[in-house]
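What follows is a single structure, written as structure tokens, with notes after it.
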Amino acid sequence: MSHNTFGHLFRVTTWGESHGPAIGCVVDGCPPGIRFTRAEIQAELDRRRPGQSRFVTQRREPDEVKILSGVMEEGDGLVTTGTPVSMMIENVDQRSKDYGDIAERYRPGHADYTYEMKYGLRDYRGGGRSSARETAMRVAAGALARKVLPDVVIRGALVAMGEKRIDRANWDWDFVKDPENPFFTPDPASVPVFAEYLDGIRKAGSSVGAVIEVVAEGVPAGLGAPIYGKLDQDICAYLMSINAVKGVEVGNGFEAARIRGEENADEMRAGNDGRPRFLSNNAGGILGGISTGQPIVARFAVKPTSSILTPRRSVDRGGAEVDVVTKGRHDPCVGIRAVPIGEAMVACAIADHYLRHRGQTGRG
Amino acid sequence: MSHNTFGHLFRVTTWGESHGPAIGCVVDGCPPGIRFTRAEIQAELDRRRPGQSRFVTQRREPDEVKILSGVMEEGDGLVTTGTPVSMMIENVDQRSKDYGDIAERYRPGHADYTYEMKYGLRDYRGGGRSSARETAMRVAAGALARKVLPDVVIRGALVAMGEKRIDRANWDWDFVKDPENPFFTPDPASVPVFAEYLDGIRKAGSSVGAVIEVVAEGVPAGLGAPIYGKLDQDICAYLMSINAVKGVEVGNGFEAARIRGEENADEMRAGNDGRPRFLSNNAGGILGGISTGQPIVARFAVKPTSSILTPRRSVDRGGAEVDVVTKGRHDPCVGIRAVPIGEAMVACAIADHYLRHRGQTGRG
Amino acid sequence: MSHNTFGHLFRVTTWGESHGPAIGCVVDGCPPGIRFTRAEIQAELDRRRPGQSRFVTQRREPDEVKILSGVMEEGDGLVTTGTPVSMMIENVDQRSKDYGDIAERYRPGHADYTYEMKYGLRDYRGGGRSSARETAMRVAAGALARKVLPDVVIRGALVAMGEKRIDRANWDWDFVKDPENPFFTPDPASVPVFAEYLDGIRKAGSSVGAVIEVVAEGVPAGLGAPIYGKLDQDICAYLMSINAVKGVEVGNGFEAARIRGEENADEMRAGNDGRPRFLSNNAGGILGGISTGQPIVARFAVKPTSSILTPRRSVDRGGAEVDVVTKGRHDPCVGIRAVPIGEAMVACAIADHYLRHRGQTGRG
Amino acid sequence: MSHNTFGHLFRVTTWGESHGPAIGCVVDGCPPGIRFTRAEIQAELDRRRPGQSRFVTQRREPDEVKILSGVMEEGDGLVTTGTPVSMMIENVDQRSKDYGDIAERYRPGHADYTYEMKYGLRDYRGGGRSSARETAMRVAAGALARKVLPDVVIRGALVAMGEKRIDRANWDWDFVKDPENPFFTPDPASVPVFAEYLDGIRKAGSSVGAVIEVVAEGVPAGLGAPIYGKLDQDICAYLMSINAVKGVEVGNGFEAARIRGEENADEMRAGNDGRPRFLSNNAGGILGGISTGQPIVARFAVKPTSSILTPRRSVDRGGAEVDVVTKGRHDPCVGIRAVPIGEAMVACAIADHYLRHRGQTGRG
């Protein structure tokens, strides 16, 4: 990854700010002959769209994706031609806004100060590239990545919100996509708990973080590389590239550091298909940087948004000490919407490794 | 990162296996005019060398580094010319060994099975590229990266070993490098605790993981980029690329997901130097992917080695069920030696971003 | 360069086909604080626009560029923020067209057959990515690259068209931009010659190639790298990436192979500014891959378009032998419009090396 | 290409200077399971070795290649494991030398001045990275690339030397490798002409350039990409990266700019294998950046070496005007030895595209 591009063979470049006329991405290196519909891309985008419950920002963004290149029409759908697929979403909710106050103050926990240190100027109009809006294009690219991996199922779920966490014994993937589930939680019993907790956070003008787990099933064994191109490393880098993510782990992650070697190593028995059958999955489906064929499991931690009503101490560009309060709409838990984003990034990482593996070895 | 190269302007390529004649690296893009001595590189290498206490493998590797290109002699030392710096360590402890048994069995927790799935063949002679030996070249490259960043101090410490962790109140950087400290722990009180614990692990033929913390002080504000080139993302990817690492985090990491926005956002007051003074460092020195000028703090989790004496269930290449025991020398806690490796990777990541920042903005 | 991206720090990704809704590019890594106006970009685009004389295709493309990201308004103009600059041109002249005939036939000299061999499908609607239209985005990116290099003047000229060539003794850069000069030729005396020649070619339904020379003045000494990052190599690769280019050379180019060492090596005398003054410029401003400070001179050969009225023998997708005639509008000499494209590519190559040099060495 | 690495999936990094202890390369991304012998690599290296006739420098370099990683022994040979293949040649002919004079003077036509402008220091000991010696590692990497492409035959020949050129009617590939042929010329009749001509050049203390043609037969149709990853563009970039190369062309190259569209476009008829049969090969086996299945033909121009006995005017580092004469051994025509180097670079370019094509499309 460098600048605003990620991937080696399945390469995604995103561009755009929430306050500009549009945001977009270019997916370069997508295999030719991939069949999909605009509606399939749109459906993924709709999953991360704000304004779907009282727990996420009411900012209305229809997020209607346009596909500008790299495809031909075929029947009712589209087929990739092998050339760059450009996708774009126009920003329709660009209210003219008085940024005057924010333009001169460094909001604590935001990138205001660091942007200015980096670029020598201040683009005060929204979060710049760190805006949550940018993540829409990751989801669009991820929707295409899924099509490159037809036999792989990639699903995410929220497993912790602030001080509350799910009971993994209740895990139900179907419930994650239940329209009555505003949290992408896999544990039905957690919904009232999270709802009450988050209502409290919201009323207090506060915010809270979350932990998201993404699971990829059906990934063939052999993807990845031993060290600098480890599949887990790339998955973690892709997840860390999401705004507000502070930690990532694969398999049992940090827990691995606590337990013993004989507990941690996944034992094997003969499988019915002539391949080893693993008796556990502490490794999260990856050993030595290479997929084992077991489900790939990754988790990432999203920090609480710093856009809160509680006044926080800061300084302004002139060096004067000020208090900062973030007014206006915001999400009390931005981590909720991170679920489809995490899925998309995992899909892109695996798609890239799938093509790289095929290139180097001729298999896959 | 791709294949065996990492970095964009400060680019490191490593090669070699523990069972071959040598291992090495090429550092390409190193600025010209960097002054250093071979002894300085060697000193870093000696820090990760096995055989220094009863807690690490007694395998003797003098690890004498040769510098083959990219430098001129100047006075008593060397100066980089701007061309690729090639470094190499010859493998002297290549005992002829009977791998027959291991060659046919998949060791649980090792990459034996996945290597074969990836490459279609089995290089059974040691851990291939996943060998701990490979990390020597990261340390050599990191020693050079430190020279590119003369005002940055990068130090690591072991903060947890299996079920035991340090008391952060006792943190003493000087103690980390005390020759009487076999653990790179910053807490003197932890030494007897870790020693007794690890003796028990070793006697049981078991192994245990560790958590390492790396802190970089003196990093100027402005390094990094908002999203796909986030400094924290690259630091995490560099750390995840180390063999046996299962999780990474920056600043308060996973803890950020648990606390509230007003607790998490680091407040600012006017500093004496005209710059903001942060009142806390939950962000770990990075906001919006860009350094704030505060210390950069990253942690990574190392799993317990799967080379243990306890028999584990597995299968062989023919599909038959077998028990596997790893004989011979091994480290009960490979995480100890990961401390200088983690420092080296953080140094390389920051050096690369330093050059990239200077390239894009002309500052730095 | 890979796929549809070129450059390391000044990175350009282009997308789009002439028959789709739009074409565009993303310029990533552009330094922040670069001031320019939309009109300046547009002016460059207008130079390559078809429909300006009887010698170029009458296809009307207003080519109105939109700037979608990476800039802030400042006064009457724009300033780059350091984030990706996305530019787009909508395709307005998309006549609904019957491609039936072409869809099944491989046009000689076109990429019809090779596209199908590569992608396994046929995108018959225009030239795909090889369309001349794609080059508009190179020109837009190049206009921005020029702004990164304020003291560098990059100009191109047509020096040969088919069997006719200019008299270099008449070289007049001002004449190249004379509105009465439809050929970008620097030799006023060549205009009637080229005009008569090209009228004959056009009337015969034929086509002819051209040689373009690009000169960059004011490039500081020190850009480039000895071998794999040679400035001349990258300039040549950038020029070769233009559709229909079959050869490239720097300085005296192929002529260097004909003359002797003492004729070829540019001698030096002491300059007034303390720097060497070169007595000739056979090297084309580059020695050992690194700029000397002299003008950089590159030339490239554009083949005649294969879209001609003369029937040519070919086969169709079913393997049957057919004759192919290209009807409709076309340029008798596509090389004319290649002049601003060549300038743009040289500008992008030098801008990238300028940033890379600054990154590695801290100078520039 | 950047810095000292080239290729995307078949990636080669070279390092080393002629005056250091060794030179080497790392081939990363080589497919696993490639069988070869050290002798096969050595045989390619021996073809470019100096000291084989009176027409090339008498510098003795045994150029014995060591293979340090990425292979396993299998039978009498080696097999790649998929990990980086590191190869090294020790420099044995490092005479202690008085560089005093050269150290302070800028040799005309050499990179002395530009190196100093780039790096801010002067590595006077030989040509630095621009040394012809570096090319040995390209040949070693190319030998491996050939093994990745078992059905492709890549051969080069010298087609012009200074003012003399071959008669293409006499072309005989077998003669190129005749031990009695000191010039890699394909035209037996040219040998006495070149010999007499070059003797005169040598006696005059002068030098002369050459044009080399490389032909790759058996390349499947479909390799490459339409524009920024054109196969011809990458071949040209790889050839331009060779020291002293000033121009490159594919197919009829610059000649294409001179002829008409109906002459230039290669017509097709039905082939016996169901594929089109091309009636000519002006395109040099590449249309729209993608291979047609015809032989790929590229040419490059090598300038005469500037190491000549004739005094040339220059300046020294202090700005004083001086005369420079290059004493000692040198090649009167360095282009001769460029033949195996050109072949190697074309092999590497095609191998990389072969793997990239397989990655994106699953074919090949």
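When the chains are written out, they are named A, B, C and D in that same order, and each has its own residue count from 1.
By our rule, contacts are C-beta pairs under 8 Å (C-beta built on N, C-alpha and C of every residue); 3 or more make two chains touch, one makes a residue touch a chain.
What you see is a predicted model, and the numbers here were worked out from it, not measured in a lab.
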{"item": "Chain pair with more C-beta contacts, A-D versus A-B", "value": "A-B"}
{"item": "Taking each chain's C-alpha mean as its centre, the one farthest from chain D", "value": "A"}
{"item": "Distance between chain centroids, defined by C-alpha means - chain A, chain B (Å)", "value": "27"}
{"item": "Centre-of-Cα separation between chain D and chain A, whole angstrom", "value": "46"}
{"item": "Interface hub residues of chain A, defined as touching at least two other chains", "value": "2-5, 8, 14, 29, 32, 82-83, 118-120, 128-129, 226, 356, 361"}
{"item": "Contact footprint of chain B on chain D as seen in their complex", "value": "2-5, 11, 13-17, 20-24, 26, 28-29, 32-33, 66, 68-70, 72, 79, 81-86, 88, 118-121, 123, 125, 128-129"}
{"item": "Residues of chain C defined as touching chain B within the complex", "value": "8-9, 29, 31-32, 82-83, 226, 355-356, 358-362, 364"}
{"item": "In the complex, chain C residues that touch chain D", "value": "1-6, 8, 14, 106, 108-111, 113-115, 117-120, 127-130, 134, 160, 162-163, 201, 206-211, 220-230, 232-234, 236-237, 240-243, 246-254, 256-262, 264-270, 274, 276, 279, 283-284, 286-293, 301-308, 310, 312-315, 319-321, 335, 356-357, 361, 363"}
